[in-house]
Every structure is written in structure tokens, then in C-alpha cells.
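The structure is given below, and queries will be raised subsequently.
Labels for the chains are A, B, C, D and E, by order of writing; each one numbers its residues from 1.
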């Protein structure tokens, strides 16, 4: 299966449904940190350019806040695509992610729960 | 055994060049019941038809097969020929040996063999054809228009002008509809009321038009040409005949709490009210929920002040029953609820409004007397943001999948009007696409940009965040610049998706008119019959069929009127005799057929039957042949074979199958 | 039944009056050839076709049966072909389950404008049935004379 | 008296089949029915009752009588010839053999049914005694001795040996041809087997059914009995009892359209069906009660009235086993018996 | 069982019902017959045990034509059939008093492989035994209750009644097989194997119509196969695959209406697994148009009188 197919399968998203409204990019709190913007992410998947995505900063800048997923009017949900791309990268790298045993040491009372969840989503697959 | 005549056409050389017509004639004579067969160069010609006529008389033919071109070409010709000569037109069958045979095959032997088989199938079928009579039904020369907006008004006027009676049923206290709420209209910027009011007056004054406002359709029965409709005239508590429309009751009414629907709830009105000054009829209604007298028995101020003595607290809802030949649905639209769009803060901030609300704000009769001001603090907004496609073009469950079609244009209109009247106010429009297919539409939009300096930004807004200082932070994006935009605004206007009036579902059910997944009424054919419902005698006008602007609505309203006039102009309706029919002895009464009928043509009645000596009451399907269009969906659903289609009966089709597979 | 050199398949095509029959007419007036083995029966709508007709055709010796109707969404009667689609989907699945070669049955949506598609459909269908040879599995072994 | 080891039976079948069509119980898709023997057939003579009796070897469920064809505008008629080649029925039980005597009364009295007559003439019957009669059997009631069935040849399966005894000339002729495969045997084993069978038959629950209420006189006496109304209700109006019955002989004649002609055939009919004896004016019997009554009255009253007291039931018990609603002739007989007490 | 008789007595004596539809003792434990009881005295012959497999719902069509209410005992799976008949206006709910009876799995004497069966104990309700004791002419044998159970009980669709006025008695879970395993096994065969399988099964058919006549979905007043008007009348049976027409059309006519009650397979004198036809349609319907259980409610649209614009095309997902 090609990378693009993998992304589609993992995310369950059909990127062709995107109508390029940009609501994802308008909603994204990490927009300025990203080299490839959320709405462009969709285009990259459509254009089969997963390599560029993998090398981008964006994959790791997404906070998994789900704003784009909540608001996307076309059920494209770029956040899911980004998440899928990350998963593929992590799978490629092997099991060097976070293990549950390591968590307690990293915990900080001030740390918001959301961040913890998002870290899990990012690193622990 | 029926006496059958077979006529084989050469069609010049079109058929005869590849089909051995003599052979077809020869073999036809060996078929069961065929007593006459002949060939002729042009069967459809006058001379050809004379030969058919003679053969019918000489041989006392009881069925005819014409082997010729497609029945789509000349079936009607040969049927008429048969009818003229005393043979029921439905005892004619066509074997298509041109389009389906001679024109596509080169080998004479092969083409001849096929032509013979097609001839045999037609002979086998015609043996089982029943002499059908096209039914007739009388037409009530009166039309009903449901909905008194611009669509309904226009349809009614057009029908009335042709000399037919029309009734308009409007559920609000006045006709006028959405258009009466608009301030100006695109792309000409003329005042909506100025062009609508004369139409309203014309309708009210028309001798052929009866208007039932504050009324709803309660029940519909019957079929094309003969509908019976119950109309509920809601209690108005004001005598229509006595009221002079002076307005004093509204002024004196102490109950001022109810939200003013006409102004989209942006301000309040009295319990006794007319929705707007130019209302037709100019007779108020009492809002029974808000009226102090009706709720507590005390008050009665309006009655005291009414010099005409028109107030009548004892009025009750009344049901009137009328007969109609045709029904036009013109139920219009509303804007969607925005509860699911929390990100736009519509429910949080008074300064986030819909475009229709903006219409009322801009209107001199509106809640702010036409002054553009923030509803929160009354201040004039300096920075206004328009957001397009709110709830339109969505494939999620929050919005609608379609384009609402009118938003691009009215937003350009709003932007232009604001920039014109308040030049120091900045207007930004966040859009996905600007859609302007229409006469003078794109020019209009360009004027907004070029002449009025409206700032169009391509990109949807992600979020509107109310700020502590009362302003609104708009989180947008400029996709062309690939930049996120944070814009502080004083007012945000949402181009909210439109949807069919929620009542339409109830009405469609009563009319058995089909409705699509978005609650728009379905047209009989999307291209060729766009103003007719698949249910015969029901027509569509305006946005109930799909999003439209005013000129399109008026055009469709006229088109629907023409269809209605065409129907009402007939004294009798000829009905297609190829309709379904249930065999009462074999019907189980299981209702499956009714479930697949797209026309609501099947009903059930309990009837005493005599089934070979057993007399019992049974639930039996009954097909209304005036409604049935003859698709046959019911016949296959029926497990007992009780439902059959005349002209295409089970036995006829099986006979064709058998003849082909012989 | 032994396959002889002269064997020709018997194919019954049910065509709806509004789209497919007109499509077949267009194929004819465009002189787009397809095998003479195909014989068309006109029905008002694809939803008029009873599974009984299809089995009857096979019983009486047809080697293939094809049903053509308007494209979904374009039915003259709005919904007929949607019902036909479900019925035929289930019927064909059942025939497959009974071991009847799937190439002997087909549904194709052909509009009045698709003369080319009609002709191509018939060509490919007949080719497939020819390759399968005479229909033995659904034939009535009692009545062959 | 001859005998043959069970393991050699295949050779015997092959030898019989060399000169005759051989019909015998064959198991296919889990059920045993009479069928034409082939080398690959799974012969099953251990099952007591085939689902259908052997009736359809002589009176097939469906048989073509003649065909009419249209040829160049004229008709051509091809008659179906009666059977002219010999066949052997092997392994048929005593009740089913007796049933042929019932069918003979119908088809061999004037006018003689030539198709049936030819089959009776060409057929040699090798019957098989019932080693293990079943609960539903009541052949004894009708005077059938399943330990000594009728037939041209009678056989007994005792342990792994089949004993063979010719009883008629036809049987002797068949036996002669098989002598190379058969060994001489004495009667002792068979006699012991017969005694065992008869002992079981005595114990069978239905062996003592009384037919006192039946016979020719019952035609009037039982017709209006309220029992019919009480009993018929569970009847589904299916034809199972009729089609598994070895003596039911009603048939329908139909035309099958072949497109350019017809094929006239006859097929079993069932008095349980609503269109049984349907005529232009309608049906003789309009309710299921009447149809239900017809079946039992025919077997136990009308048939004996017309055939010197012979019942047209042989007590095979197939209807008892197969009725979906567990209705059957035994329940009917018992109901009338009880009523009289 | 006594509880059922008491209930029937009470209702008959109070006049609330005019008759009781239940099962009547046969000659043995294993041959009870469906029966109407009109007096409390006649209820002495009432029986409810493991062999009361007969689905009584179809008898309610006729019962509904009579004066007064009929008390009917319905097992959980029978209640689906009744509901389906109700949907199709074939029975009158007002004229039925439905007692939902518990079910611990129903037995078929044909599944008990012993000769000369005289009596069977262990099939009593509610005290069914794990092992049946079978007394025969040739000695006493035993067989596990489960092994003598009808196929349908091994794949039971649930022991909840979907329509009733009152419930009496407990049920036991009998499911130990996958409902569609056999269909899937056939689907996995090659066309030749499929054909051979159905050829050998259907060649046994004797056209007795028991499957049709027992079927609650086959409630047509006049079946197309009994009717000359459709040119489809077929009484004859030959040894070929000819019966396909009858069985395919029958399955098609009940598709989306068949509750999978399994009566057709129970009554077939030739042991043809007729449920394999119905279940194929059910499996396809579930896969293509969403899970659907006929008779489970009165409102949902039946799959063949419904559609979506996105439905699968014929030929998709075959084999």
C-alpha cells in the first residue's frame, strides 16, 4: 500500500472532499509555526507528496487540539491526516516512543491533561 | 383465438435492404391466430394506413402487429389508425425491426431471423393485449397556492389573469413572505417593498383571487383535477369585515413582550399586531399566547378602543373545505438554526447576526429604524466582517450539502450599501468562492470591490471570539497570502444557509409529493419537468424546490402558473390507461405495494369479496388510475401477483419472453 | 447440451421505455452494431421487471438476461430503478450462490443519449455469454424439442 | 433358498443391471429414495423407509404422455411409447409391494392405463423383509406380513447375509441368471429372523388398531362426523402425506407450453391442494376440512366400497413420520374408535 | 406447563378469550399437534414441551376471522412472525391475547437417530434435561438435548418476545453456532461446487409445498405457483434442477419479510436445508442495506420497499 493509501486508511478521510475553504487554517493555533499549513496538508495528500509532509515541521507542530476536526465543514478533518502522517513516521522509526512506565517521571502537576493526552496521541502508538 | 394481422414495413430500403420482408410475412402467417400478413414500402404513409384499414374490415382483425420502426416514432400513428377503423388502439403492437434490427445488422439471414423473432414476440403479446380505454376525469377549474410569498403571489396572479379562480393559503397574518422582510434587492438595489407591495395589492384586489391568511392546509385528498382540501382558518379574534385597519388596538395593547417575528425577534411587538405596515390584509391578529384577555380574562383594552367593534375574543379556528383542480406549493424557506455553530458565537454575542437580521436592521421599519448600529450597545460599527457559507456546502451533519445560491449576491449588496451609507465603516468579506452566475451579477460584485472598496478575503473564518471590550475577534485566514488573520470587528454578519420551510414536510406528505434528503420538493424531471411534482396536479414554485433568487423565483412562479393553466384549460383529463390494477381475489392487503408507489396512487379499502363461494370482508388494494403513472413498481412487490400492470401485464411479458426463447 | 459450431446464444434484454429503449433506438439510428442474438423487450420501467421474468427466460432456454434502465436518479418515475437495483442485486447474488455463472446476468444503466454505451454493453455482454456457452444450469431439462 | 454375502451385493447389482434397469434405495444428500443404480450410487438397504415409496417407479411423479409440435403451420404429434425394456426393483418393503396391488385396482381396471400396465409387466420385484420395524408401522393391520413380503423374489437381510427366495416365475427367471453369484442356503436362519420380526410386530404400538369403524359402510356413517371439524385445523394443506404415500394415485394432466407446441404430461396431484379437481365452475371441495376428510374417507371408506373391501392404506407409516403438523391416519382411526366407545 | 394451562383456563372461563391456540398431546411425547381449545375441559390435552416447535402465528390469520379473541402461545421466535403478519395487516391484534412462552430450544424427532422410538423423556418444559432418554423397541438410548435440537435453535435470534400481552416461563440461551456459517461455507465454493450442492439438495424436492404452506411469510391467499393466471403453475416435479424456480422465487417473495423462523427446514420431508435460501438473502440485506430483522418492529421500512441513492450496484460483492 502506498503512503497515501495508508494515510487515507488510518485517518478514514477522503481528502478529495476538501473544498479549500481554509477553515482549518483559520482555526489552527499553531498556524504560524507550520511550514505546511493545515489546508495545504490536504493538497499534499491529494498530490501524493507524503515525503514532503514527513520532512515538514508541521507534523510535529500540530497540537492535536482538534479545532480543525470539529469545524471542518467537509468531513476532511486535516487533523486526522496529520495524525495519520505522524503515525506512519513513528511506525517507520520503530518502537522508540513513550512507554507508560516513563510517564510518571514526566508528570508535572501544572501540566494540563489535554497536553498529556495529546502527547500520547503523538508519541505512543 | 384472436384474429391477428401482421404488417411488415419496408421503410423504403431502410428495413428491406437487410430484412427479407417477404420471409417475415410468410412466417407470420404460420403464427397462431395470424389470419392476414402483408408487406408494404411505407406502412406509415396514407396508402399504408389504408391497407391496414381494409385488412381490419375484411378479416375482422382483433389485433395488429406492425413490424416497422421504433414505437417511439409511429406507435401513436398506428394506434390512431386502428381506432379510426374500429379497433381499440391498445390492440396494436409494434415490432421494432428497424432501430433494433435492420439498422444494426448487416447479414440478411441473421437480420431476417431476428425480425421474425421480434414479430413473433409482438404477436404473442398482442394475443393477450386488453382493449384499454383511456379514462376521463373532470377538472375543477380552481387552483390552490400554498404560500403567499412572492412565488405564490406571482403564480396566483398569472393563473387569475388567465381567468381561473385561485386561492392563496398563507399561514402568517399577511401575505408577502420573505421578500417583504428584505430591504433592497440585488443587483439593482431597488427597494423590495416598492416592487412587492403593488403585487400584493394586485393579488388582493384580483377578482379571481381569494386570500386566506392566518390559515393552514389541514388535509388533502383526491387527485389531479379533483383535489379536496381542508383549510384551517386560525382564530384571528378580529372580524375581518369590520376592522378598518386603523391600528389603534396595537398602539394601546398593554402586552408588549412577544418577540417580533417579522423583525427576526430583534425587538418586540404587541399581542395584537399586523406584522408590518403594508400588510395585506391590513387586519391584525391577536397572539393568543401573549394576549392578557385570552389568558386571564382581564384586560380587553383593544376591544374598548376599537371603534369598529371588530374585536371578537370568542372566535374559534374554522375548517373550510374547497375543491381544486391543481395545487401549487410555494412554501419558501427559512434560515437554518445556528445552534451547532458555536465557533461563530451567534448565541453568545448580540453583534453576531444573520444576513436576514441585517436586512431588518438596515430597513427603515426595522428595530433600529434603519440605522446601522450594534444591537449590544447601539454604537455604530466601524469594522464589519461578513462570513460566507455558514452552514452551506457542508458534508457534515451540522449544515447543508448544497450551495444556498443567494448569499454571495446579497452579501455584496449589504457590503455595498454599508460602504455607501457609512463610508468610514470597513467591510471585510471572508469567502470560499464568489458565485455570481446571473445577469449583471458579476458586475455587481465587482462594483462592491472596485467602487466601494469592500475587502474580499479568500478563506473561511475559523472562530469568532467575543472580547471583554465588547468587540469580536475574528480568526480568519487569507489562503492566497497563506496567512492567518486576526481581525477585530464590531459586528459579524453570517451568510446563513437557507433551508425549505420546515412545514413543507407535512404538506408534502399530505400531497404525496416526494421530497429529497434536504426537504426540497422533488421535481417530476430535473431537466424536462422542473416545475412539476411527480404527483400529477401538484406544481412547484420558488425555493421549496431549490435555492433561488427573486427573478428565478418569479420566473418559476410563472412557469408553474402556465402548467396549471394548461391543466385547468381542459374540461376532461385523459388518463393513461396503462395503469396498475389489483385482482381483488388475490390481493392480500399487505400494503407492500403502497410502500413503493411514488405517486400515492394505492389505497386500501375493506370490501366484501366472493372468493369462489367464500364471502368475506377483505382489505384490498385499490389503484387510483388518475394518479397511477404506470411504472409497475407495485407489480413486482406484490408476492401473490395480484397487482398487475395493464398494457404490460405479467402474462404479456412472459409471452414475449417465451416467444423470444422458443 | 453440446456446444455446436453454429450455436448462438439467446439473449433477452429488458429495456425501460424512457431511457434504455430510447438508447437502443439511438444505437440503431447511429448504426452501432451489436449481435443479433439480443432481443429487446420493452417495459415501462426497470422496476417492472419481475425476477420471475428473468428466471422464466432462463427456464425457456435463454443463455443470458440483461436489464437496462435509466441511470439512478434519472428514473422517469423518480424511484423505479432504485427498487430495481435492490431487487436485481439480491436476485443475482442468489443466482451466483446457486452456482449459476455470473456472466449470464447483468444490469446496466443506459440513458437515452447513450447509444454508444448501449451498443458496447450488448457487445461485451454477448461476448461473455458466448464464452460461457449454452446455459445448462438454469435450463428446464424437461422441455427441449 | 439362496444366500449372498452383503459384501458381494455390488456384484449382484452389477449383474442385474447388466440386463435390466435396476432401481433400489440410494442415499443422496442425506436422504434415501429409490433411484437408478449406477456404480457410484450409495446403495442403502439398511434404512427401513425410503422417503418416497417405490411407487414412482411404476407411477412416476411426472411423466410425459405426448408432445405436440408446430411445424410449418401444421401440428406434429409424438406419442410417448409405454415401457418396453425390463427393470428390477430391489429392496422394496412389504407394505410398498402391497401398495402396488392397490394401484393395480386403479390402473389395471378398465380402461387400462397402458403406461402403468407396461411397467408392471416389465418390472421384476425383489422385496426385502423388514428386520427392524418402526414405531409408526402398522402394516399388520392391513394384513401385510413384513417378515414374508410379497414380490417376485423375497429377500431377508440377516446379519451380513442376504437370503434370496424366488416366489414367482419372473422371480425364478431372475434367480437363474444370478446363480453364479448366489449360494444355496437352508431356511433356518430366515425362519429365526421371521420369528424375531413377528415378535416385534406384535409389540408395535399401532399393530392393534381397529378398523371396525371403516370399510364400505363408513362412507355414509362417518361423512358427517364432527370429528373432521375437530381434527383438520392443524392441517397445512401441503401434499406431504400424499406424495410420500405408496397408494395415493391421484394425478393431474397438464400442458406445458414449449413455445412452438405443448408437452402434455401427467403429474401427481394431492387432494390436500386447493386446486385439486378444479373445474370450470370451481372446486368440489371448498374448505380444507372437506379436503382433509376426502383423503381419509377415500383410503378407508370409498376405496373399500369400490374394491371388495380393500383399503387403500397399507400401514407404511410414512405420513405418520412426515406430517409437519403431526396429523395422520392413525390419529383419525383412533379418534373414530374412541368416539364409538 | 401447568401455568400455561391455568392461564388458558382463567381466560376461557372469564370469557375474555373465545378459544386457545396451543399444542395438543399426540400419541407420544414427540408428536404434539397445533390445536384450538374451546373449553377448559379440553385443555387436559394441552401440552408444551421441547417438541412444540410448530410456529402458531400463521394460524392466527384464520383465528382472526372468528368471533372473539384467541389466546395464542408464541415462543420468542414466533412472535417475530406474528409481528410481521401484523405489519402486513394479515392478523388483527385486537383479536389476539398473546402469551409469550419461554423456550429452551426445540427438538426434532428426525434428529434422533434411533429406530423404533416409543417414548422420550427429558423434553418437558420448563424442566428440560440436558440429556434425553429415548425408549425404543430395541432398547433404551440417550442423546444430548442439544444434539436433538432444530438447526434454528443453534442460531437462535434471541429469547425476547417482540409482541405479547403477558410473558410466562423462562428461556434458555441455545446459541452455539454462527447463523451465517453455512451460507459462508457455500459462498466460498466454486460455481461448480455450489451448483452440485444445490442440485443434489433440490433434486430431492417433491413439490409437496410443506415449506410454503407452513411459512408465516407465505401467507398469500393464492400463491403464484397455484395460479393459472400467472402462467407459473407448477405441480410437476422432475428429477432436474427445475425446482430452482419455485425455491428462488419463494425466497425472493419472502426476502426482507422472512423472520428466519426455520419452519421451512423443519417440515421438509426430504430434509432440504431450505433456510439456506432465506438466510442468503438476509445476509446480503444485512451487508448491503444495513442490519435488518424482519418482524422486530412495526415501523421500519422493509429493505425491498426501500432504497438509498447510494445502494450497491447489482453484481457488486458477489461470491
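We adopt the following convention: a contact is a pair of C-beta atoms (placed from the backbone, for glycine too) under 8 Å apart; a residue touches a chain by one contact, two chains touch by 3 or more.
The structure presented is a predicted model; accordingly, all values stated were derived computationally and were not measured.
Trainee: Taking a step as a move to a touching chain, how many steps at least join chain B to chain D?
Mentor: Minimum step count, chain B to chain D: 1.
Trainee: Report the chain whose CA-based centre is farthest from the CA-based centre of chain A.
Mentor: Chain centre farthest from chain A's centre: D.
Trainee: Roughly how far is chain A from chain D, centre to centre by C-alpha average, rounded to an integer in Å?
Mentor: Computed from C-alpha means, the inter-chain centre distance equals 78 Å.
Trainee: Rounded to the nearest whole Å, what is the centre-to-centre distance of chain B and chain E, using the mean of the C-alpha atoms as each centre?
Mentor: Chain B and chain E have C-alpha centres separated by 47 Å.
Trainee: Taking each chain's centre as its mean C-alpha position, how far apart are chain A and chain E in Å?
Mentor: 54
Trainee: Quick check: how many Å separate the C-alpha centres of chain B and chain C?
Mentor: So the centre of chain B lies 35 Å away from the centre of chain C.
Trainee: Can you tell me which residues of chain B touch two or more of the remaining chains?
Mentor: As it turns out, chain B has residues touching two or more other chains at 596, 637, 650, 654, 658, 661-662.
Trainee: By the touch rule stated above, which residues of chain C touch at least two different other chains?
Mentor: If we look for residues of chain C contacting two or more partner chains, we find 51-52, 56, 60, 79, 83, 87, 142.
Trainee: For chain E, jot down the residues that touch at least 2 other chains.
Mentor: Residues 222, 224, 230, 232, 236, 238, 304-306 of chain E touch two or more partner chains.
Trainee: Which of the residues in chain B end up touching chain D in this complex?
Mentor: Listed in rising order, the residues are 29-30, 612-614, 658-659, 661-662.
Trainee: In the complex, go through chain E and note every residue touching chain D.
Mentor: 26-28, 31-36, 54, 59, 115-118, 136-138, 200-201, 203-204, 206-210, 212-214, 222, 226, 233, 235-238, 266-267, 269-272
Trainee: Please give the residue numbers of chain C that touch chain B in the complex, ascending.
Mentor: Touching chain B: residues 10, 12, 21-22, 24-25, 27-29, 31-34, 36, 39-45, 47-53, 56-57, 60-62, 74, 76-80, 83, 87, 119 of chain C.
Trainee: Would you tell me which residues of chain B are touching chain C in their complex?
Mentor: Residues 70-72, 96, 98-101, 103-107, 110-111, 113-114, 117-118, 121, 514, 522, 524-526, 534, 578, 596, 598, 629-633, 635-637, 645, 648, 650, 653-654, 656-658, 660-662.
Trainee: Report the residues of chain B in contact with chain A in the complex, numbered from low to high.
Mentor: It comes out as residues 343, 389, 393-396, 398-399, 432, 458-463, 475-477, 479, 482, 484-485.
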